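Presented sequentially are two complexes of subunit A, the first with subunit B as partner and the second with subunit C.
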Partner chain A sequence: MAEKNYYVCTGCGMLCDDIEVESEKNKVNKVYTACRVGVAHMKDGKESAAFMVDNKPVDEATAIKEAASILKNAKNPLIFGLGTSTSETQKLAIELARKTSATLDDTSSFCLGKVIEALLNNKFKVCTLDDVRNKADVTIFWGADPSDSHPRHLSKHSYFPRGTEKQRGWEEERTAICIDVRKSHTAKICGNYFFQIPPAGDAEFIDALMAALAGKLPKTSYNFPPKRILELANILKGAKFGVVFVGLGLIYSLENLEPLIRLMNALNEKSNFHLVPMVGHYNMRGFNENLFEETGYVNSVKFEEGTVKHGPEYSIVESLKAKAVDAALVIGSDPLSSLPRSISKNLLEIPTIVIDPCETLTSRKAKVCINTAISGVESGGSATRMDGVKVEFKPVIETKRPSDEAVLKKIMEAL
Partner chain B sequence: MDFGSFLKAPEIKVRVVTYRDIFQDKAMIENRFGEEYRNRSAVIKMDPGDLNQLGVKKGETVILKNSFGTVVVKAEESGYEPSHKGIAYMPNSPWSNMLVSDETGGTGVPKFKDISVTVTSAKGQKVTEIGL
Partner chain C sequence: MTNAMELYQMLPKTNCKKCGKASCMAFAVALMARELTPEDCPPLKEEAKYKENYEKIRGLFKPSEGATETGLIVHEDLCFGCGNCVVACPPNVANDPYGVGSGNAPRNVGKLVLTVEDGIVKAQNLGECRRFGKNKILCNGCIVTCPVEAIEFV
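And now, the complex of A and B:
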């Protein structure tokens, strides 16, 4: 049998590495194995490049020169995005931030950054998705709906597959539990093990579950049936290899991670529980790790005269809100769509450079716009999967569009 | 004469929880300025009792309003059991983000999944186009 040529899908933080494609003349015609989002992502390549200044087409050199000039003239530029860039590009961006005394942040500051920071500081016991596939007998999806956000999660790793130590699969050897505020598609799969709690009811549910684990009567102000919490606690106590998949629903509902850390510790006194963050962008975790290695922080930093400052005031949200930044370089992100308009509108008052494979609301309003290759489809590199595993990938097709890495290099040379 | 037009349209307050939808994500990748993305994003999923109270049928448009913004989106029945009056659901999108508070308590994290709005019938107005 001929050896098959597999590609990595960079459509989400799972980085599925078993994708086959049919392509012709640098166009992907068919994608096999990927999910609905992955197929759309892999087919999104475009051959032609576009460089714009003030929404008018220019040549590459003009766009690079204008971008460099914006960064040079700024006292405190914001460099933001990079969740869909390779680790190589991210490291360049960190260097660029240092060089331009910039504020540097990514989307993790308003999603799972706190969780990644905690696990890099060894606050949680962790495992890989391969461990989950091979060993996990109890999995909890908490404030997470992988059926929509990471569509192959349950089939490839967390519930349905046979693993080396789980040959009887979901029918006999796995229990999937969902704790959420609505009956998501994942909750439906979990059947009777769906625990519906009210919005912002997570911290109380954690306390109640911990009481149940300790053999006490679990109580909540929203009168969740104690019998069901006791039943849940019994399943968790009996787990041989448990995993909690942490989603934004849980994280947004907690003021800080302390209740989650307490619960994971309590679970590990009774049984064996690991935590995996449900990272969305394919290399958000890579950004967190690369910046952590350089500075000891995972996001929201400001470089200044050889020092690094860190805190929420250097997050994109707070720095835009306080109008503390005077220019922005946005790489592979669309803050005008993904942030509250009440905050992102301040981006319209400063000169912005957008480096992105797609046209976005932010790119339409940018002073300089550079259309780059889709990383993972039209350019290669390496990234960190949601569980911390390093993945390398090659491009599927060729394009005339430069990679974001090549563009950043040119901007740095022009500075 | 339609005396009903002089009556103030019923108004209710709801708490909106946002969520991810794979069909909407796929539509965004294909064309974030396209009709499919708008149709799958500019939607609020409500309890049938709340829709009744507003005099709005499923598929009709409603106005969502708070001190941060106003958008017109299509109202649908959530299909969720049990009843969840006062709580509604929207896919996370530029439409929901028009309504997210800028109050963060200095944490850098907006309340994307906890949005308080008032809902009224949009009386046939079209869904808001997201521009700037």
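And now, the complex of A and C:
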């Protein structure tokens, strides 16, 4: 059969690499195999570029000049976002942050950054999504709802597909377990293996589960039926290749990762368990890895005269709260919409540059707004999937809009 | 949809064998499997006392006549294209084990019952579906794997 031309979808952290696209005159008409998130993402391309200063259209050179002068005049600019940028762009942004003595952070500081930092430091046993498809017999979705956040997760990797060592299908050879505070769409698929816990009850549930693994009676303050925890422990003990998909629900409910690390170690004493973070933005993990390579930290850093400082005070939330930054460069993110108003309103007081393919609340309020190509649809590059696999992709269609990489390059030249 | 027993109740129950089957019950089963049509039972079609039942049985089969053998409905407003049904569907797996059966893009579109197009599942090649045809069974692979109840059979 003729080799088909597959594209990579950059709609979420799964980076599905089997998407077929029908396009004509640089417009995507039909998308095959992708989920609805991916289709919307692929069809969002636009022909013309837009450069705005103070919400008035200007030419490219003026916008770049204005952006460079904002960064030049700032003592401590904040560079934020980059979860939906290619690794090449992220490396440029790190260089730019170094050059401008900036505070650099991405969404992972209030997302899965802690988990990625721990697994880059080898605190967890990890595996790839392809291993999951080929070998996994027990998968746990903990505080995650991939049916809604990563629609093809269950069908492409974690539950339904046949793999090299799992050829008889999901009914016979796989068990999917969901631990969550509400009956999500994923929980519905897991059926009887859905364990509903109260909000912030995760740490206690971990302790109870570990007691059950050790053969003791599991107790929780919210009286979760001990029989069911023992039943769960038995399934986990019998797993040959288990995977825990860690979602934000679990991370937000734990004060630190210590209980999770303890649980993973306990599970690995009895059987064989791996961890995969449920990364949302398509290249958030890439940012964490690129920054880790450069500085040893995954997020929340401040460059200063050749040194790198790290700490929660350099995260976007804390630095905006303390009004420590005096300008902001936001790349592919919308902090005005995603952060609490009490914090994000401080962003309105400082000059902001937004580089984004979409019009967002932040871009509407920005001093300089540069409308870029959608990476993965209108520009190519490489990214890191949620499980750490590097994926290269090419553009699907052409556009006049510059890529965020090109814009950053021009800003750096102008500095 | 009705079952063979309900159909049998509406037949003449004389076991006249004019349809070529050994009994009226066998005729009912053949009707269910779409091997024969109500017109294949001469007494039912011709005798006035069965007229009412004849119309009823014809009415039962009418909706499925035009739509060949379909009965599968996709609620497009609910479906978000996760593809669970595509990967779990037994004929899909049998006809394309390394494509959709392994969670990948389809490689044998001509024989697949379900595919995802523009983020919404599309039903085609219904002859391959296990719910239709001669040896049909009440397979529900695509229904139980759907998180949003977007697939229904009528």
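We take it that the second predicted complex is superposed on the first by the 415 of 415 C-alpha atoms of A that agree within 3 Å, B and C clash if a C-alpha of one lies under 4 Å from a C-alpha of the other, contacts with A are read in each partner's own complex, and residues count from 1 in each chain.
We adopt the following convention: contacts are C-beta pairs under 8 Å (C-beta built on N, C-alpha and C of every residue); 3 or more make two chains touch, one makes a residue touch a chain.
Everything quoted here is computed from the prediction, not taken from an experiment.
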item: When subunit B and subunit C are modelled together on subunit A, clash or fit; value: fit
item: Touched partner set for A:Ser300, first subunit B, second subunit C, both or neither; value: first
item: First (subunit B), second (subunit C), both or neither touched by A:Pro151; value: both
item: Which superposed partner A:Ser337 touches (first subunit B, second subunit C, both, neither); value: first
item: Contacts of A:His274 with subunit B and subunit C, given as first, second, both or neither; value: neither
item: Touched partner set for A:Cys358, first subunit B, second subunit C, both or neither; value: first
item: Contacts of A:Ile19 with subunit B and subunit C, given as first, second, both or neither; value: second
item: Partner chain in contact with A:Arg36 - subunit B first, subunit C second, else both or neither; value: both
item: First (subunit B), second (subunit C), both or neither touched by A:Asp44; value: first
item: Touched partner set for A:Lys91, first subunit B, second subunit C, both or neither; value: neither
item: Comparing the two partners subunit B and subunit C, which touches a greater set of residues in subunit A; value: B
item: Shortest span in Å between Cα atoms of subunit B and of subunit C, once chain A is used as the common reference; value: 7
item: Overlapping contact positions on subunit A, where the subunit C interface meets the subunit B interface; value: 35-37, 39-40, 147-148, 151
item: Subunit A-facing residues of subunit B, complex; value: 15, 17, 19-23, 25-26, 29-30, 32-33, 68-69, 78, 80-81, 84, 87, 89, 93-94, 97-102, 104, 106-114, 130, 132
item: Touching residues (chain side subunit A, partner subunit C) in the complex; value: 1, 4, 6, 18-20, 30-40, 133, 147-148, 151-152, 154-157, 159-163, 169-170, 185-186, 188-189
item: Partner subunit A, residues of subunit C touching it in the complex; value: 79-84, 86-88, 93, 97, 101-107, 115-120, 145, 147-148
item: List of subunit A residues in touch with subunit B within their complex; value: 11, 35-37, 39-41, 44, 109-110, 145, 147-149, 151, 181-184, 199-200, 248-249, 252-253, 300, 312-313, 315-318, 321, 334, 336-344, 348, 358-361, 364-365
